[in-house]
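Below: one structure in structure tokens.
A, B, C and D label the chains in the order they appear, each numbered from 1.
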Amino acid sequence: KTSGRKVIITCAVTGSIHTPSMTPYLPITPAEIAEASVGAAEAGAAIIHLHARDPETGRPTPDPKVFMEFLPRIKQACDAVVNITTGGGHGMSLDDRLAAPLMASPEMTSLNMGSMNFGLFPILDKMKDFQHDWEPQYLEASRDFIFRNTFKDIEGILKRLGEDHGTRFEFECYDVGHLYNLAHFLDRGLVKPPLFVQTIFGILGGIGADPENLLHMRRIADKLFGADYQWSILAAGRHQMPFCTMGATMGANVRVGLEDSIYLAKGKLAETNAAQVRKIRTIVEELSLEVATPAEAREMLQLKGGDRVSF
Amino acid sequence: KTSGRKVIITCAVTGSIHTPSMTPYLPITPAEIAEASVGAAEAGAAIIHLHARDPETGRPTPDPKVFMEFLPRIKQACDAVVNITTGGGHGMSLDDRLAAPLMASPEMTSLNMGSMNFGLFPILDKMKDFQHDWEPQYLEASRDFIFRNTFKDIEGILKRLGEDHGTRFEFECYDVGHLYNLAHFLDRGLVKPPLFVQTIFGILGGIGADPENLLHMRRIADKLFGADYQWSILAAGRHQMPFCTMGATMGANVRVGLEDSIYLAKGKLAETNAAQVRKIRTIVEELSLEVATPAEAREMLQLKGGDRVSF
Amino acid sequence: KTSGRKVIITCAVTGSIHTPSMTPYLPITPAEIAEASVGAAEAGAAIIHLHARDPETGRPTPDPKVFMEFLPRIKQACDAVVNITTGGGHGMSLDDRLAAPLMASPEMTSLNMGSMNFGLFPILDKMKDFQHDWEPQYLEASRDFIFRNTFKDIEGILKRLGEDHGTRFEFECYDVGHLYNLAHFLDRGLVKPPLFVQTIFGILGGIGADPENLLHMRRIADKLFGADYQWSILAAGRHQMPFCTMGATMGANVRVGLEDSIYLAKGKLAETNAAQVRKIRTIVEELSLEVATPAEAREMLQLKGGDRVSF
Amino acid sequence: KTSGRKVIITCAVTGSIHTPSMTPYLPITPAEIAEASVGAAEAGAAIIHLHARDPETGRPTPDPKVFMEFLPRIKQACDAVVNITTGGGHGMSLDDRLAAPLMASPEMTSLNMGSMNFGLFPILDKMKDFQHDWEPQYLEASRDFIFRNTFKDIEGILKRLGEDHGTRFEFECYDVGHLYNLAHFLDRGLVKPPLFVQTIFGILGGIGADPENLLHMRRIADKLFGADYQWSILAAGRHQMPFCTMGATMGANVRVGLEDSIYLAKGKLAETNAAQVRKIRTIVEELSLEVATPAEAREMLQLKGGDRVSF
């Protein structure tokens, strides 16, 4: 698995975790999101994972109209796989979260494999000045927030996006139980290999960023999915590069981007998503591994093709 | 940790997972619950973990009046530590779940360390005949159920029960992230060692029943809590005895009882909670370990004492 | 692997590690060794692992004539599989070690999967009085002793016993590298599944008696041998019962006997090998597992049969 | 442990595993060894691990005179810590192996923590043409070779080099048991923290090159040595860079050099030791870690100083 293989780099360019006051480099407007995506693709990302933000306030938005302002631009300017979030942002209903993907019918969306707490509020102890009122409110609200993904919700997404649109999934697994949930759907025949299993480390509410956890997630995924999956790694904040690197040495694909970390190196903000892509690409190539092209990623993950989307 | 130590046996006599049609031996009425508890205590359980059920239908109920029908009887008849659920049952609100513990002011309650899916519905594929209408509805409803335990909820319980009543906790950890959540509260000084960490295996929605997971939970708990915790094990269904045994060999305390498994041996229903206590006690003693008395458990866990409760 | 399976109990009745002054219950004479073996078999051991000792001094001896004094008696009195050491004792040459197995042509012998230090000398810090001069000398000599099992030695045993006599092996693995050595011979086609992999914990020079090591050995054996092996556990001294128990819960077979531990419980010497067999059998059966008969062990391990030996 | 720390790069420039026919770039003569060492130091290696070879044939030699031809040159041309092997090469006696270190009285030597098989012979299946007769004989002899390091041998080295010369050690651990052996000497007070623990992966006879093993060695080392050790990684052949990288992300120091791998990248021979140092340095620095200078390495490992040696 580790030799002769291609490494898929996903770049999650903006997400819904960070807020504008945390970094001036967060892509906010459709133009910025499109530019960041294309830059990441040119730097070597085969998949672009996308959220939208209100162009005025930078607040995460589920509005399909906003998505439709950047999706076509990205499609036109590069060949990367477009992957739209179904997780959305704190406070959005499931219907909100699905509006854009159902309209866009993308090759891939994220699919979160369980309900969980998702605590952003500890940032408030370190950061006091915000440009927008919604920012501290949004972070504080995470104290009582449940990231909702019931078994029924997941069944619904598998049906409405997977079956009806031929969309395939980045299965986001924030803890060991999420792997078992995915195995449950595999047993029931509701998901089909090759599974793209995104294991996530360092979110408060999910599994922590300890190398023991990284290896354990792989160990259990190997037991549950055998050879029929593509493993990917993302880690929050300062763990981003070390965890992606560790994963790459063990056979994983990697995800970088400002959704996951706003830094490029210790104490240094990333000025672009592309800079993070270039950094992990350098490491991956120093390890005698090759980076997958979008076409190779489409084949590895059996995607329907960039021409079969609705944008 | 494994030699010269005492093993605390907890018995969870009825819970809210199993329904009356699954076994004729499930304690339902206050009299049955009291009798099962006393029997378990006499067999060697130092802690009795308690839920209540509607005496007519067997449905889990949060009604404090029902709790008050068996709590005094148990207290009168044995010295075991009374531990009341704050998890309640599917469909109960947090206020419902807290009503009985707030009235009873027990030495110990459970405290669930995160929100999660909790899937009981797969049983419906194997079981068709039910005595009560609520049973299949209850099981099916788990498909869309979130077991709610936000950071704010947990803070509230720590304040309202821990601080105000001197109640201490069985911290129920269904996955690795729950250990990190507990560490978060430890870092903030909201929980105090020695922590009683109940690690739970085999619930759909949480970590699975694989020995790798058992050891991994210990590994991470060791990293997060050092020597300042008492580890306990419970596993669902047929994994109950093997996992408790495995845990006992590695320094853990154990939890048995019909809440967790309705079986005594392969294919053989447990006719009493006491029978499960006796079985694990036999194994523990064959391993040259001693079973903790209620007094020893109180000291190990620093409980306030059986005379400082409100029942 | 853990349910519906049979557990093979091996009993190693005397070995070459303990010396007569350590316990009055160590079988020494051919009559004692035969009696201990038959007792162990009657208690539930399907395999008897055998060394010989000088009847006068109790010192381990490779002398085939001594073996021939007890082998026929065991064969006559019970149906257990006779398994003869090829490890012998400290200070014996490889030719010495092979003399008895080559003469007896047993169904099974041990086969040690690598060279290693084997330190018995720390006992000398705790024990001062010995009945025989050879005892402290033997223990002290282990400071400079190498337990010799080169790749060439192993090839020779595979040829001379395996190929020429149809003898199969208890592959003794004292560390992770020994599993890789076994995989090396598997790759070369010199050993045939189902492999009987005896993993050994707690010998100074080999892997220690930590549950992490037990699970790690299984993890690597699973990777190297897939489903084509029978796992067995033995642990030195006070770790014997906890490790066998832990292993049993995870799918392993178990080995007990006075070779591995002279104790039955904490602070209590085992008066017979059979007592240790009975204890582990009780635990195994409490876990709803069944103990394998000699016939079942022969089938699981594909042995040539008790009637095709030379004694 | 992983942030703000310095990473010590050791470079093992020639070793005794590879033979001249395997690569034209292996340093053979004292001039070549000196040049390779200085180049590695200039590229960022803080420690140079050294063996000697017969200048005519390239065969590993224990001859102190040969060592003395390159040691002063290295000392004169760079500030790196000089670390001399006590492992020597196949076929050398322990006295042979100690001759050069005892004469040179270096700051550091390797110290192998157990006896083991060390199988180089499988290379003979892939490689047929050799420049020197000794090469295939040397490789074939490894089939029956034991790398001798008894407890008594180790005690002797600790006394003769450690105590008498103030030399400190790169404790070479080829398997889990070697960590326990080291803990044995720590318990007896014969070794002093901070221990420099070199864990070695992928030698036939020792633990294999699986990421599970890398993490397991760390796990056990953490248990045995707590915070009082410096962990280092080396892996054989194509595993060199991935394992060093993985280790670096987990808090380890790294060892590269032609002793461990003759490659720089997949299918590409390393033309110099410095090229391997530069590659791992690039990766380490991309991970926001800093490379330790020789002075920093001396402080981390509490070495006696480059001016207190006999060359």
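The rule we apply is simple: a residue touches a chain if its C-beta (ideal position, glycine included) is under 8 Å from a C-beta of that chain, and two chains touch if they have at least 3 such contacts.
Since the model is a prediction, treat every value here as computed from it, not as a measurement.
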Set of chains adjacent to subunit B and to subunit C: none
Numbering shared by both copies at the subunit B-subunit A contact, with half separating same from different: same
Selected from A-D, A-B or B-C, interface repeating C-D by over half of its contact pairs: A-B
Per Cα centroids, the chain farthest from subunit D: B
Distance between the centres, which are taken as Cα means, of subunit D and subunit A, whole angstrom: 41
Intercentroid distance (Cα basis), subunit B paired with subunit A, Å: 36
Separation of subunit A from subunit C, taking each centre as the mean of its C-alpha atoms, in whole Å: 52
Contacts with two or more other chains, residues of subunit D listed in rising order: 212, 219
Chain-to-chain touches, reported pairwise for every pair that qualifies: A-B, A-D, B-C, C-D
Partner subunit D, residues of subunit C touching it in the complex: 114-117, 119, 121-122, 142-146, 148-153, 155, 174-177, 180-181, 184, 204-208, 210, 212-213, 216, 219-220, 223
List of subunit D residues in touch with subunit A within their complex: 2-3, 211-212, 215, 219, 238, 241-243, 245-246, 249-250, 265-266, 279, 282-283, 286-288
